[in-house]
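Report on one structure; see the data block that follows.
A, B, C and D are the chain letters, set down in written order, and residue numbers restart from 1 in every chain.
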């Protein structure tokens, strides 16, 4: 078992910078999720760790060894691919045994280990089949089996669940997490699905444009997004952002349609900053929708309502922009009706309107 | 009711049309070979009888025995058009021109050519389709442009080259150039097939602990089997039918002649013995035809992968 | 899938085997040049006190000739057998081998070209067409036999050979080969019975032939008038030369330029074309090789046939011929002012410049042209012969009563067109004459083109 | 110490055997032929000892009417053969797709047959079928009452030209069909379904969907066959030997004749280089298509 560390990784494809001096540490035995929109460099980072791409600059350490010059077949890592990359000409057994055979392990042991792995993943019945005779979920398991059978130092998973249907995906991610905890192998998991990232990660790394935006435990990233991008990317539906002007004397925020008190923990920062505009961020689940006016409530027009079973997602027009809110189903406003929004000061996020960085709190 | 009837009528009509089309194509493609086969089964001299028999009333394998050199003097005694050669002499000549040797030579040459050109061109195809390097297109064009050069251009220098290597009158003088006559085409066919394989497979094998050369053998080659087969059949057929070089470097020596060169020799020697020539044709084609029939699905699948899509 | 896999395995095994076979002992060429040491086995007899081991160097001399070396048409051994016997009795340390070439002259010639270009030492003695000697000699591929540098042929041998033919194989004053080994002279075959029936004498001029053929064809339906070989080939060129000289034309003018566009030549070609136009010769002559045209005469379907004398041999054989005793053979006719001429197609034997045992080769060559082998050859194949004594030998005449006829025809032999560019000239003529007789070109245009091309080829 | 090869190095090593072979057996030969063509070589290839004549051999080539005639025939042959092969091959390939599954399987096996026949043997086959007396074709024509006696397929000039073309079409429609079968199989079935749903009938579907999608394959197959047809030698050599006259002489058989029959190496090489130049012209079009459609990893 070993941790993985990358230092100042730089990767350029022609003029395009895919990774811009990324430094990160993946702790031993933890499941780290790299998350970000497509093209953010997360897969590139994974492939550089695997050795499938050469970095333009910087270094990669597995354990304490710098592995820049080590080809993939000599790094003790396992990787699960989005497409599963099962060898179509081999049976399930051969697919799982393939990495073992690379290491010249005795036949008996190969057999024993493959069967053990297959049993662990519920593949015992399928060992003699060819990949094309398997369902998506089964193929996924085989790919996993191929990764775990050889007891690597590191697992690399490149969107391993994205080819599965929604229900299976939810099942598999729990299973995968459980498996990782059982095996205790350092795992780097790449996904673009923030829900998957939140549920699985021991540690979350949010990336954009080849730069790490924020890393930390999922709850921390959720509750303290470092900038508007992280705030918007983590959490579903996305955080609402409203541009406000600041009245420092009154400690008030003025949106086009409404005004509200600045949360007290930000007052100091606002004052120190001395700029007159700020971005207010509120998560839909923190917005409260009222049918009638209350003190401090903001008026909004219902744009569309989407029932989701136990809750309802309401899109409202407020201050010339659209905002989303989650409400209990007992409130059923019609389209075009006016509703009133309030929010808890404690749940409000403020971001610098120029840098998009979160304002510091006291 | 009427709709149902007309549907059934149309299905039957379509089926009939399909059968007719199949038969027409079969007639077009097979008539010449059929007639050659029928001629080869006629007794000596019967091929000149008018009216022509489309199929011999008494098929005989006499011609095949002659072509394979296992004919007896007595069999040759029967009158043959235009021949003034004594049966004893003819038997000797027939034996000396037995088609067994050319068939064996061709088999050796074509198998070796197919095997080695596959080996060489799968390596180069791998480089072109799956490795990163500069001047890739240029490399491919360099190979392909070579294949455009007519053999009439290269035959004389090649002959001189084989001479200076001391390979004239050996099968190697046919094998070595033929390997490279087939490399450009094979490279192209195989490269197109390689290009279709997902790159993840290779990456997966790399992290599974295999070196590129092992990946090449264990993953890429088995997966590209149809493409390789296509290319192999192309190379086999190409060298099986190669005539100009074979006839130049064999220098007329029957012991090292391949089928095409021997065929010409044979047809010159027995200009009127069309039953024999037909039997020789059938023997020269039978093996390759059989082989291609067995593998035809793979041949076509190999081409499907992209070689012809560009 | 599994079915194909089985085949795959099979093919793989085959490939491996084949590759092994190719890498292993390469199939031995029919002829390997080797000096082999023959050890005479020790005889164990009581009387012999000491055992004697005689090591003997055997030199192999390889002769290249076509399948006819393996054949006999008369009461003698095939030539190769006769030569082997004669050589081995005279020179026990020389071993004679035959390398069989193609029977088609063109293929045969091209085969030689490749050998010579490769400077191949395998073949020592080559059968060469009469026309090839100039070409090969010019290229420096043949060993001169009388230039005063060994190996030179024994004058006692050449003294017995017919000088006219030796001259045909002499190039720039040097004797390049001995011949003819097998000679063919063109002449006119006719149906004696039919000509007598309708009161004709054997034709003297080409016009006679037309008159006779037309008359008899009108009365004997189904008869072909005149058959000859018109396939685009040397045989056609040979026929053409006969017409050319028969009408008073010639190959070259004094300056060495092509003279085959003269009015005489045009008359000759027009005559040939008209034969087909008038239906005296069927249009198929343009596709016939010598044997094709001969078959029609032998089977009694033709009144006239132009061809070589070697057909004589089986015209009187009742098994092969339907015209036994009904034929005549005379020199080709000629128009007034023309020469009655038969094209000489001789095969000579020459020694390759690249041979590595020229001396032994010369010994074999001398044996081949000495009387015993020459006589055997005549008995087995009955050609026009190089050795003068053969024509008068009683055994030969007994076997071939037509020998005097042959001698008569042989006198009309036409000196061959001797040029290093002969193959190209022959091709040009074959193409142009063929184009004319198939109606592709007007005779005049064909001859003009032919001469222009020939002059280009010879550099005039 | 471990030597670690980088990808371009591996690529170079992998390409090396093919490159060496192609250089030795094609490019080196071209250079040799080029050198030969500038010398007056008769009956020898030792150009070092023979006179250097600049472009005299080329002048002879271009002055020769027979060069132009054989060029005309070669071009005519190439054009007719490839066009007819395309038509027949396309028909056969479409039929294979149209008929029911098992008939299609049979058809595929049948169509592939002529392809396996070596060209020189193809020539033999047609020599027999076009035989002047007992050839099958003449016989069929006679028994159908179309002609009185079998036509002279190989000696009548116009007939000979087209007989050669026919023999070539018979053999090579097969490879054309195989190529097109490959191309057809590569068209996704979804597109046909979409076209059907969109209401396109079969002929319309063929014209508007199949043909355009097959066009790249057709082009490649045409070029491939065209280049091959320009180089035709074996068929001519075995079937007509260039006759009647020089009517069916191709550029390749001309070059061969100058080498091995006339022993004129210099002139023969000049012929060969001219043939090569013509083919390179066509090849450039062919290769530009490869280039345009490269889908390999860059």
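One rule holds in what follows: a contact is a pair of C-beta atoms (placed from the backbone, for glycine too) under 8 Å apart; a residue touches a chain by one contact, two chains touch by 3 or more.
Since this is a predicted model, take the numbers as computed values, not measurements.
Chemist: Note down the smallest number of touching-chain steps it takes to go from subunit A to subunit B.
Modeler: 1
Chemist: Taking contacts as defined above, which has more of them, B-C or B-D?
Modeler: Pair with the higher count of C-beta contacts: B-D.
Chemist: So which chain is farthest from subunit A, going by the mean of the CA atoms in each chain?
Modeler: Result for the farthest chain: C.
Chemist: How many angstrom between the C-alpha centroids of subunit D and subunit A?
Modeler: 59
Chemist: Averaging over Cα atoms per chain, report the distance between subunit B and subunit C in Å.
Modeler: 36
Chemist: In whole angstrom, how far does the Cα centroid of subunit A sit from the Cα centroid of subunit C?
Modeler: 92
Chemist: Per the centroid of Cα atoms for each chain, what is the distance between subunit B and subunit D, given in Å?
Modeler: Chain centroid spacing, subunit B to subunit D, equals 16 Å.
Chemist: In subunit B, which residues are in touch with two or more of the other chains?
Modeler: Correct list: 156, 160, 225, 248, 264, 297.
Chemist: Please set out, as single numbers or ranges, the residues of subunit A touching at least two other chains.
Modeler: 71
Chemist: Would you give the residues of subunit D that are in contact with at least 2 other chains, written as numbers and ranges?
Modeler: 45, 259-260 - these are the residues of subunit D that touch more than one other chain.
Chemist: So which chains end up touching which?
Modeler: A-B, B-C, B-D, C-D
Chemist: Across the complex, what residues on subunit D touch subunit B?
Modeler: Those in contact with subunit B are residues 7-8, 10-12, 14-15, 17-19, 21-22, 24-30, 32-33, 36, 45, 88, 92, 95, 98-100, 103, 106-121, 124-129, 131, 133-134, 136, 139, 143, 170, 174, 178-183, 185-186, 216-217, 219-221, 227, 230-231, 233-234, 237-238, 251-253, 255-256, 259-260, 265, 268-269, 272-273, 275-276, 279-280, 282-283, 286-287, 289-298.
Chemist: Quick one: which bits of subunit A touch subunit B in the complex? Just the residue numbers, please.
Modeler: Touching subunit B: residues 47, 50-52, 71-75, 77-79, 81-85, 87-89, 98-99, 102-103, 146, 150, 156 of subunit A.
Chemist: Across the complex, what residues on subunit B touch subunit A?
Modeler: Those in contact with subunit A are residues 198, 200-201, 203-211, 214, 219, 222-223, 225.
Chemist: For subunit C, which residues are in contact with subunit B within the complex?
Modeler: On the subunit C side, the touching residues are 4, 7-8, 11, 14-15, 17-19, 21-22, 26-31, 67, 70-73, 78, 99-104, 107, 111, 114-115, 117-120, 122, 289, 291-292, 294-295, 313-314, 320.
Chemist: Tell me, which parts of subunit D touch subunit C in their complex?
Modeler: 42-45, 60, 63-66, 132, 152, 154-157, 241-247, 257, 259-264
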